[in-house]
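Chain IDs A, B and C follow the sequence of writing; residue 1 opens each chain.
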Amino acid sequence: MDFELSKVQKDIQKAARKFAKGEFDKELARELEHKHEFPREICRKAGELGFLGLHYPREYGGQGYGCLENVLVIEEFCRQDSSIGSAAMLCGFAAETVLRFGTAEQKQRCLPPVAEGKAIFGGAITEPDHGSDITSLATTAVVDGDHWRINGTKTFISNAGIAGNYMVLCQTDPAAAHRGQSMLLVPADAPGLTVSDLGRKMGINLTPTGELTFKDVRVPLANLIGERGKGFYQVLQFFDESRIAVAAQALGIAQGAFDRALAHTRQREQFGQKIAAMQVSQHKIADMAIELELCRLITYKAAWTFDQGKPDSVLTAMAKCHAGRTAVEVCDEAMQKLGGYGYMADHDVERCYRDAKITELYEGTREIQKHTIGRALTGRLQ
Amino acid sequence: MDIIVCIKRVPDLAEAGLEIAADGRGLRTEDLDFDINEWDDYAVEAAVRLKEQHGGVVTAITVGDEDAEEVLRRALAMGADQAILLDDAAFAGADPFAIATALHACIRSLPFDVVLCGAVTSDGASGQVGGMLAALLDVPQVALATGLEVDGGRARVRHEVEGGLEREVEVALPCLITAQSGLNQPRYVSIRGIRKVADVAIAARSAGDLGLAATAVGEAGSRVRLEGLLLPPAGKRAEILEGSLDAAVATLVERLRERGGL
Amino acid sequence: MKQVLVIAERRGAVLDEGVFELLTAARALAGGGGRVAAAVLGHGIGGLAAELARGFDRVFAFDDERLAEPDGDGDAQALLPLLARGGFDAVLLAHGNLGIDLAPGLSVRAGMPLLADCLELHWAGQSLAGTRAVYGGKVHARVVAAAGGTGAMATVRGGAFAPAGPGTVAGEVVAAALPAEFAPRRRPLRTLRPEAGEVDITQSERLVAVGRGIEDEDGLQLVRGLAAALGADLCASRPVVDKGWLPRSCQVGTSGVTVRPKLYVAVGISGSFQHMGGIKGSPFVVAINKDRAAPIFGVADVGIVGDLSEVVPALEAAIEEQKG
């Protein structure tokens, strides 16, 4: 075993930290959140420096690194600023479906602009009536000559309205339930595709969340991503990768809240002594530090396992489940440590607290992660 | 153009609580983050910009152990072409003169037109190494540069001088320049840069490799001996106005009135 | 009984006041029966040499048109024979821009140890010893020159010693010649004066200073309001000027302007020596900072620990109310 990051990984971590410290201005984050606006300029710079698609192969604009390197960048970004970090982490959401299953032509078309921070990607899986349970979908795609014709509605779609391309999971064989689903690549300007923003959310307000409505949207047959009828399985495989990124997001947000709480604890004096000197503070800080360390270990391990070519759904689910819970709990404790200051909108911890919760909801709720873990384990017992 | 840039890895002190190590001569480093000295970052950026304008080779040098390699890799990722790590137990405990001695021994065997150093470090803060190195190399030097252009065998340098003024001066190459904040805005290290230099071998040189006796460097070769570190005496402390904001502000207004400040 | 040399710095046609702080240090090091000398370089500096001779026992005046502008590289060449002749147990300079430019090279050429940026100096046996601030002033280091017969140099932090009063020594002025091999390697092109600001803060009696702690330009607006309420002028520490929020002419410190106000309100200023070195006289110092450990509270008379965005407007309101 070797728990040490490589020199290159440490360099990547440090480069990401410096970039985030230099560019992620908290005033800007507050202003963008207020205006419900995506941090375009920061993502463009991050892309230019190679932070965004670093896990894509070089031939597709990436840097040829793996999931673990991506985790290190996401962690540092979210640690510095939970909102800007989350937006940067999400701006290539689901582009990995093209990366893992797409044709060379699709990859060439979609990935370099995302890696360079010039384009945003979106993934459309959830439907108004199908959230955690996507074994059958109401959004359909049928072959119409040399095109697919898509009809239906997708909801809670990150990057809706700002993405250039969407991966849309469609029922292409209604009789075959989850064995009849396929992924289609749909450009945002396809006629018949309309987007409505779902408005403000509790957190991650720099990324829009919206609803996509497809009315006889036609895309070429060549826009099939991966295999016809394998969409459901491809989504599950995609989650094995993307949920590690969510775990990293949660880890970074938690670390950022912890950093701020620790700094406050060291400075603040009450009743004639530094609150850091009070045992109750020390225990709280210790509890948070323990959780963070566990969270980091399991997240890095999930990423490392993925990079070994052995993606492990159970480990990934554990990482996401634990990191999400840790983020919510550490942000809560951090706010408690900051007292009234933490509750004020002028303090970042309030934003961390709101941004953290999504990590327990999207890309599989906490319950779905436990379902994945539990079923695998009890299945093995039988 | 051959450009040499001398850099140092220093602890990041901004948010850290400092503790003096048990031997009383250094800091406890377990909980500290380290990075390139801020002023050395300006020096690296200036070096890389000179190369971008005029072509040539940038060589980054540091004195330190294996951990110090990270600042060399950073310089490489920013655009330096090669890096040399002066690594020897004999270098330990060096004062600025002994550091300049080691750097000089390394640089004298290299071609160079411009040597760049940070004007000062955030740890030792003496601001001596650059000027001493220039004297050892016997080249003209300009300290505290806030502007630098090289053209036709001469360097035109803007630098901070007496009375808060700046002066523009010209020196012939080869020369040594120390970089002050304001000289430039260092670029971010890109992942592309990290990838490019991931496999670049960093040459390590010992005192012996440089033709230096162990007694000429490190603590033995130092002209100033560090006796020990201590926490600054508490001294005078301001009267800190406690209580609610309103109460504190009211007292402050009172103090200002007493002192004729209103 | 020691021989101490002070290298005087000049600013244009006048002496830098730091030289009289160095005189205090030099007298203390020289001890009873010791002698203190000064060296001054420039062109047409007879008046400066005479001024120095009131406080120093000997003044070496290097008067030459080639020395018209201070030049750390060239001045070292000029001074080397004086130092090389030996006889000085200690050579002192101010740790300002010129000292940083001049002392390291000169010390190497003269073969003298250099103790940089000292807060205090004393003899440890026959060796010059001192205390200096390291790690951003959070730690002090005790240093001592290695034994050796050539004497030692030190640069001294501004404000570390109280300036000596007007002297009555009637010291000897010696015209010092430049060495035959003197060949300055720097060609001065022009001296840039800071763009004239709206106000000349060197003349201000009340100053409100802003530092890194204000975080953004909105913070600057708050502080402007406070300054207006106090009838004070605005100045800044280096980071604020580096960010371009205020002009260079507003920068107080060793690399900026020297001010001598009666009231100095430091908002979000950590209190680095570089900044505090630009404040002379003994103003009433008020510090507002969120970090209780900030060094500014070690020099301020009165302080409030708190969030600037709360304290500054509250103080402004209270002052306005007081004024009626």
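By definition in this document, a residue touches a chain if its C-beta (ideal position, glycine included) is under 8 Å from a C-beta of that chain, and two chains touch if they have at least 3 such contacts.
Everything numeric in this text was worked out from a predicted model, so none of it was measured.
Chain-to-chain contact here is organised exhaustively, every possible pair of chains being in touch.
Of all chains present, the one whose mean CA position sits nearest the global mean of protein CA atoms is B.
Here the two chains linked by the largest count of contacting C-beta pairs are B-C.
With centres defined as mean CA coordinates, subunit C is found 53 Å away from subunit A.
Centre-to-centre separation between subunit B and subunit C, using Cα means, comes to 21 Å.
Centre-to-centre, using mean CA coordinates, subunit A is 39 Å away from subunit B. The set of subunit C residues that touch two or more partner chains comprises 292. Within subunit A, no positions touching two or more other chains are listed. Multi-chain contact residues of subunit B, defined as those touching 2 or more other chains: none present. Looking at the complex, you find that subunit B touches subunit A at residues 15, 17, 35, 69-70, 73-74, 77, 188-192, 194-195, 198.
Looking at the complex, you find that subunit C touches subunit A at residues 215-216, 218, 290-293, 307, 309.
Of all residues in subunit C, those touching subunit B in their complex are 9-12, 16, 69-73, 76, 96-98, 100-109, 112-117, 129, 132-146, 148, 185-194, 206, 230, 238, 242, 248, 251, 253, 255-258, 262-263, 278, 284-287, 292, 296-306, 310-311, 314-315, 318-319, 322-323. Residue ranges of subunit B in contact with subunit C, taken from their complex: 11, 13, 18, 20, 27, 96-97, 100, 119-120, 122-132, 134-136, 140-144, 156, 158-172, 180-182, 222-232, 234-241, 245-246, 248-250, 252-253, 255-257, 259-262. Of all residues in subunit A, only 27, 267, 269, 341, 346 touch subunit C in the complex they form.
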